[in-house]
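Quick one: the structure is below, and I'll ask about it shortly.
Every chain is named by a letter (A, B, C, D and E) in the order it is written, and numbering of its residues begins at 1.
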Amino acid sequence: MNEFVQEIQARFEVLWSNPQRPDLMQIGVRQVNALPLLTWLKSNTGYFILNHFSAVDWIEDGEFQLTYLLTDYAARRSLMVCVRIDRAAPTAESVHHLWPEAVTYEQEMFEMFGISFPGSPRQGVDLLLEGWEDIPPMRRDFDTAAFAEEAFGFRPGRTHTNPRDRVAIAFGQKGFLHDH
Amino acid sequence: MTIENPHVEKETQLWVGPQHPGVTGNMAIQVWLTGDTIQRGITHVGYLHRGFEKLMERRKFIQSFPIVCRICVPEPDTNEYLLAASIEELGGITIPEKAVWLRTLVLEMSRLASLVQQIGGGAGATGLGAVPNWTYTLRDYILDSFEELTGGRVYHMYMVYGGVRRDLPVGFAERMEATLRKIEERLPYIDKVTFQSSVWRERTQGVGLTDPAWVKEMGISGPAIRAMGFARDVRRDFPYLAYPELDFSVITSTGGDIYARMEIRRHEVVESIKIIRQVLQKMPKDGPVAAPIPNVFTWRIPTGQTYVRAEASRGEMGYYTVTDGSDKVRRVHVRGASYVHGFAMAERMFEGLNIADLHPTLVSIPTCPPEMER
Amino acid sequence: MSLKNALAPFGIWARALARPYTIPVEDIMRAPADRYRGWHTNDAEACIGCGSCSDICQNAAIDMVVNRDATKGDTGLRPMVDYGRCCWCALCVDVCPSGSLGLSSEYTWVDKDPEVFRYVPGVDKKPWDDDTKGWHGGEWDLINHDRVPMSMLPGETRGQTWAEVVLGYSEEEAQREAARCLECGICTAACPAHMHIPEYIGAIRDGNYEQAVNLIYETNPMPEMCGKVCTRRCEDVCAHAKQGEPVAIRWLKRFATERFDDLREVIKADVAPIGVGKRVAVIGGGPSGITVAYYLAIRGFEVNLYEALPTLGGATFFGIPKYRFPMPSLEKQVDMLRGAGVKLHVNSPVDAALFEELRSTHDAVFIGAGLMRGKAMRVEGEDAPGVVNALTFLLEHHLRNNTDSDKVSKEPVVLPGMKVAVVGGGNTAIDAARVSLRLGASEVVISYRRRKEDMPADWEEIEDAEHENIQIDVQAIPLRIEQTPDGRLDLIWGPAEMVADKPGARPKPVLVEGVENHLVVDRIIGAIGQGPNLRWLSPEAQGTIADKWGWIKVNEDGMTGMPGVFAGGDLVNETADAISAIADGLRVVQGIPRWLGLQ
Amino acid sequence: MELLLQILWSSIGVLIAVAYGLLTGGIVRKLFARIQGRVGPPVYQGFIDLGKNFFVRDNISHGPMFYFGPALRTAGGVGIFLFIPAIVGWAPGENFSFAGDLLLVMYFMFFGSLGMALGGSAGGHPHTPIGAGRGLSQMTAFEVPFILAVIALVADTGSFSVHDLTLAQAGGFLEWNLLTHPFAAAAAFIAMLGMNGYAPFNVVGAPNEIPVGPMTEYQGGFIATLGTGRAIFAIAKMILFMDLFLGGATSILEAFIKVFVIYMWSVAVAAVFPRYRVDQSMRFFLGWPALIGVVAVLLALF
Amino acid sequence: MGVEEKGKVPLLPSGVPVGSKPHATDSTLFAQGRPKPLSLDESVAFIKNWFRAQSLNVMAYGTGCGSIELGPLGTSRFDMERFGITGGPTPRQSSVLIISGYLSVKTLKRVIRSYEQMPNPRWVVALGSCTINGGMYWDSYSTIKILDQYLPVDVYVNGCMPRPEALIAGFKDLMDMIKRGEANGYIEYQNNLDWYRANQRKVIKDWNLPEYSW
């Protein structure tokens, strides 16, 4: 796999590469040469099937990571291309002209993460949710439990006592290095 | 949600909606008809959306183990295996020999149950009442074996990180053999009514065609691609578990229509039965069934990402898992086979299809809505 | 469309004559497989309410509800399962440390009212309560029951050296052991000082040892001592102890404190200096005295500590041999006291006059003198030479070895090659036996009145003693001691048979008449027990603060009958172990400021 | 006066026919269940369903035209029954066969389906026009062989009255048109598969494509009427076939048995075949069954 | 070609881009007025209830994962038809609506529409734990937690998912209740429709329903 990475390195700048498994190589590229790399991979290498395309929310670094997984069924190997895009205004080039199933991936990512793919045919059309007014739910800063409690509410009548508190109350647990 | 067709002339717009006996699972097809033939169709999902991936980000590793098998109801075990395999790869856990064989057994039994159900679905979609009844009964016998092995009927929650939760019960092999023989005994009757029946052949041959040119563009897999002559099977291309030691053949056929896809399933049932017999025979008799895993309350896995794939009855299923050093998953993306089949491929197959053939086509692909929307 | 294809389907009409697959109506409710996961069952007595099932459940289906009042080993809570949430994954059964929770194999529950699908298994009666089939713990458990093994000195050689027997965990071992903890908090209740055990074990697991040590010092000024010699009440009630080995809490505490050579900069206390300008006198440098001195000193009190022996530590110095609790770790904790600004007065026993003077010059006085009087065996011939009390034997031994005090003869009582008999079954007896072994005794015998399982000593101590092939004679009541012609001693003892006492108490040994056995040895050490010794107080002071046997009575603040005089440690509580002494000290640390009105 | 008596007897005849239709429907459901390996519903389930549908509380109606669908359907079935002799030679069994002839009966057959198409479309559900379109086109297809068979018979016996056609076959089963006009019988019996609406030609009411086609909007009382309509329609057609090809019936028991046997022919085919699409079924009927019909007519004419 | 290749978001005839139509409030397609309350003597008619109980039509709508067990129930192994239970292809012909597990908001709207199309008397059977208090998806942003707030439920069959045997027990329970005249969820729905509608409005934001265009 490494010589294949060299081949890519020759054309595009590979930020990092990690041979996760003998049949899975992961590389990281800059956003600017993501689409050229994918187009090159599709047109003149064995990796022309887009197996999977999704986003990961690295909220601490303020970035989304787009992951394209291309598989070469003849050589029985996969290549995972990871691209970091800015989280504040997340936009990326659409690849639906290379792979038709990318339309659905992009539609879902716009709805779930808010990553816009200008030119993607079905961007903005509801895929999974209907009448959703909150921030895109798959973002890390969306708290689904609080939303569920507030929007739907749970069945009342359940009480829970934390064993730790019950022991502390029953036996008066105090610390002497600090004034509680 | 409605998508208006801006250039409406004299087409009837119809919703083969979520409440419809003729839709596999819970999804809607918005079709534009002229007379009985479909001009264009758009698949709508979201009716079973529970946000698994969001829920898994709030659950410790051991806690996302039971929720994963709820993703696809007819075939839950592929999800269990894929999550276990990805977390084990990232967490650095190797499973014992017997667990490898037990997992292969469970995957093949689940595949057999799903294939048998799909054969019933294929026949039922064209109006045959008898075959779905038989196939659901055969599937029920397999569920009884599952219940005996894993403790659960449909959701097994059996393949946990590090191996499996229980060993084979005593006398399981004989009872499983009896079930397999029941299936084999019923297959000729199914052939009589479907593959050898003139009406069924007329309803399925040349209907729901897939074009080999799509293979280059889309990640089609499973019976849909094997019906076009491509011998693509993850168990052969990217072998996992005990499949390298098993001999089974990848069934292909030509024609790319409903008949070809159902024929492949019919032969894959025989292959699955053969595999199950081999697994039960070659399985090591003793040895541990699970490797020890760290304390589940505080288990942290260092940062990493991986993509693990397996062959479900509908095609190639993959899990993209990212961990970030905490005790929860950063991101899991479930890529089911129906994600490509249900949207891109199905919408191309709808064109020119008779509305009466919509249901047989959907069943033959097949599309499993919960897998498409998770 | 060939004719064969047209006629083939008719073949299936044969199916119409065969027997239908349908299950007849009467046995539709068929029995499920043996390991089918149905509704929950729980053994309410075996359950300790640790809440592990409630923590593992990802559907938040299990609430811990109050079922009985909390006791030392049981939080008194029981899991209530909400079947509006449960998904029958049985993770709660696999994580249950006591193995009380299980799933029956019953699967039908139909009702009109949705509120009914919630019950406390084992408490609310259900038809499937005694179903043995279903899914039960034991076959594949999420928690691992066995402890990380501790490396120790090999059995034979450790008898000859004074090096520390238990070698302590490495960092990796400690983190692996700490990761076993389920953080249920039951140990906190059992520990007399209620230490923050789950918190500091979590800190050790996460690797921030500084926070761990600070958490330990919240309630324990002598953690290294506790880490080596504590009686580990916490480990007895640990959730793991039900079905496996408990978490090694004591060794983890020791690991945390041994990470730092000098804890003075590490421990950061921020308490209000309420005691500035106030003076407190502490009599006795045992665990209770050290606790009062340390915690009052960091609160600004001016503390004067008076200790009769040359070093502090009290019973932990002279009562516990150095292969279990080496001097350097005792010195380290005494340095903490100096760091806190306590003025130490060693080799200065307090008599009645000094006591009165201290009462007048200090705002409060604390008595933590400990049990200094070894009980006599009250056996005829006890005053023969060569018969010595275990307390004085150990005291003199430690003074001779570890300090340059001149009050003791250079000549040890037990000489190499002697045969020694120790009468008694507590920790002191075991320590006396092992010390005399290290002093070169050729053979050591422990003779005890009751059975082996009744011995009050720590089971680990008994095991270690047997490793060092010390013989233990059980059910032996000493009758009298006689001198043999060649100057040796003959311990004559009679066998005893056990008679059940009131329920819960140990059975009483009763002498079997007419049978006498002889045990000829060179030295006899009596380790029957220790008693209070308040003779240094004036008689009327003794009268006010102590009862007729010499035990001091205190109120909930730790104050005795005499205002301003507080007491704690073995003189007050009967449990007579170090951690209870620290607990008394902690009570007094709250009592004194409250009595002085400074809180 | 004699007419009044006849009306009384015929209405009793209709009730018996409905009851027998529901009973046969129950037996057919049991047979389908048996072949599927099931126990199947009790035989009297048809009556319970009828009762349940009557007792549905509120019937959602879409205007007056909506009512005509089931009404016309039932009227078609009753019409056929009234104008053909259920039992030949026994006054009450003759019904009004003297007044009507084969053309009227065939009109009543088309009449039912037209009614359903109009009524269903009034419901406003898009499935109904598609279902109606299918039903009507399929009906025209399977009517062709039937009409050719009828023409062959009429040409041979010279009269349109069913009564005369039945009498023409009197004299033992050798005289039955089934044997004397085999081609006509074959074409008619194949056409009957289409009429009954069982597989392989049940795409009209098929649940999993366009759910139940014209009947999508009907519920409660309407379905009860439709149920009785279908029951009487089936029995009436069977009696017609009995009269035309099996020499009519001289006693009630003979009528019951012959009707049941004819019914079993379409059930035997239905249990084992999937559904044809509409265009396939039209192509099927206009294929060799129509050819057989033409041959039958040629034979009858020359 | 099934997928628009134009790359431009198609506009509706009214000029509004596809998919971004403003959310309608309660459109006229949902029951607004409250029908006249039903007289209670109706439910004491034992004969009518006996007929209704002996022939139930289960609507063919697998709303959740529990509907996979309706397969074995409807086919030869457990055969619900011998109890007179058959499938109803459309809401008009069905009398029992099975909510077979979790219910996402998108499905809830269609379920309400189907429920209101069903003729009275109609019953709701709720399967699994998801309909009682949210089940495994208690913290999901898209599934409802307490079915009781949105639809009147007559019988709960617990289990995740309930087995066919449990479903048969549930149906027997429902049939007995109908015969005793106690299964009156639909009367309760009609009598306090405002309460149900308020809860539904709190959860469903977009009340659009697909219009059928010719």
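Here is the rule we use: a contact is a pair of C-beta atoms (placed from the backbone, for glycine too) under 8 Å apart; a residue touches a chain by one contact, two chains touch by 3 or more.
Since we're looking at a predicted model, the values are computed, not measured.
Novice: Can you give me the shortest step count from chain A to chain E, moving only between touching chains?
Specialist: Minimum step count, chain A to chain E: 1.
Novice: So if I look at the partners of chain A and the partners of chain C, which chains show up in both lists?
Specialist: Expected: B, E.
Novice: Could you tell me which pair, D-E or C-D, is linked by more C-beta pairs in contact?
Specialist: Higher contact count goes to D-E.
Novice: Give the identifier of the chain nearest to the protein's overall CA centre, each chain being represented by its own CA mean.
Specialist: Ranked by how close its C-alpha centre lies to the overall one, first comes B.
Novice: Which chain's centre, taken as the mean of its Cα atoms, is farthest from the centre of chain C?
Specialist: D
Novice: Between chain A and chain B, what is the separation of their C-alpha centroids in Å?
Specialist: So the centroids are 24 Å from each other.
Novice: Could you give the separation in Å between the centres of chain C and chain E, each centre being the mean of its C-alpha atoms?
Specialist: Comparing mean C-alpha positions, chain E is 60 Å from chain C.
Novice: With chain centres taken as the means of their Cα atoms, state the distance from chain B to chain D in Å.
Specialist: Distance between chain centres: 44 Å.
Novice: Go ahead and note the Å separation of the Cα centroids belonging to chain B and chain C.
Specialist: So the centre of chain B lies 55 Å away from the centre of chain C.
Novice: Can you list the residues of chain A that touch 2 or more other chains?
Specialist: Touching at least two other chains: 100, 103, 125-126, 128-130, 137, 142, 144-145, 155.
Novice: What are the residue numbers in chain D that touch two or more other chains?
Specialist: Where chain D meets two or more other chains at a single residue, that happens at 33, 35-39, 126, 207-208, 211, 271-273.
Novice: Would you pick out the residues of chain E that each touch at least 2 other chains?
Specialist: Only 3, 18-19, 60, 75-77, 79, 82, 87, 89-90, 106, 132-134, 136, 138-143, 146, 160, 163, 206, 212, 214 qualify.
Novice: Where do chains touch, given as pairs?
Specialist: Per the contact definition above, the touching pairs are A-B, A-C, A-E, B-C, B-D, B-E, C-D, C-E, D-E.
Novice: Per the contact definition, I'd like the list of chain A residues that touch chain E in the complex.
Specialist: Of all residues in chain A, those touching chain E are 96, 100, 103, 119, 121-126, 128-134, 137, 142, 144-145, 147-148, 151-155.
Novice: What part of chain E is in contact with chain B in the complex they form?
Specialist: The touching residues are 1-3, 10-13, 18-19, 21, 59-65, 68-69, 71-72, 74-77, 87, 89-91, 102, 104, 106-107, 110, 114, 136-137, 139-143, 160-161, 163, 206, 208, 210-214.
Novice: Enumerate the contact residues on chain C facing chain A in the complex.
Specialist: By the definition above, chain C touches chain A via 49-51, 54, 63-66, 69-70, 75-77, 80, 82, 84, 114-115, 118, 183-186, 188-189, 194, 196, 198, 214, 217-219, 267-272, 295, 298, 586, 589-590.
Novice: Which residues, counting only chain D, touch chain B once they are in their complex?
Specialist: Residues of chain D touching chain B: 32, 35-38, 126-127, 130, 133-134, 199-200, 202-203, 206-211, 271-280.
Novice: Would you mind writing out the residues of chain D in touch with chain C in their complex?
Specialist: 31, 33-39, 268, 271-273
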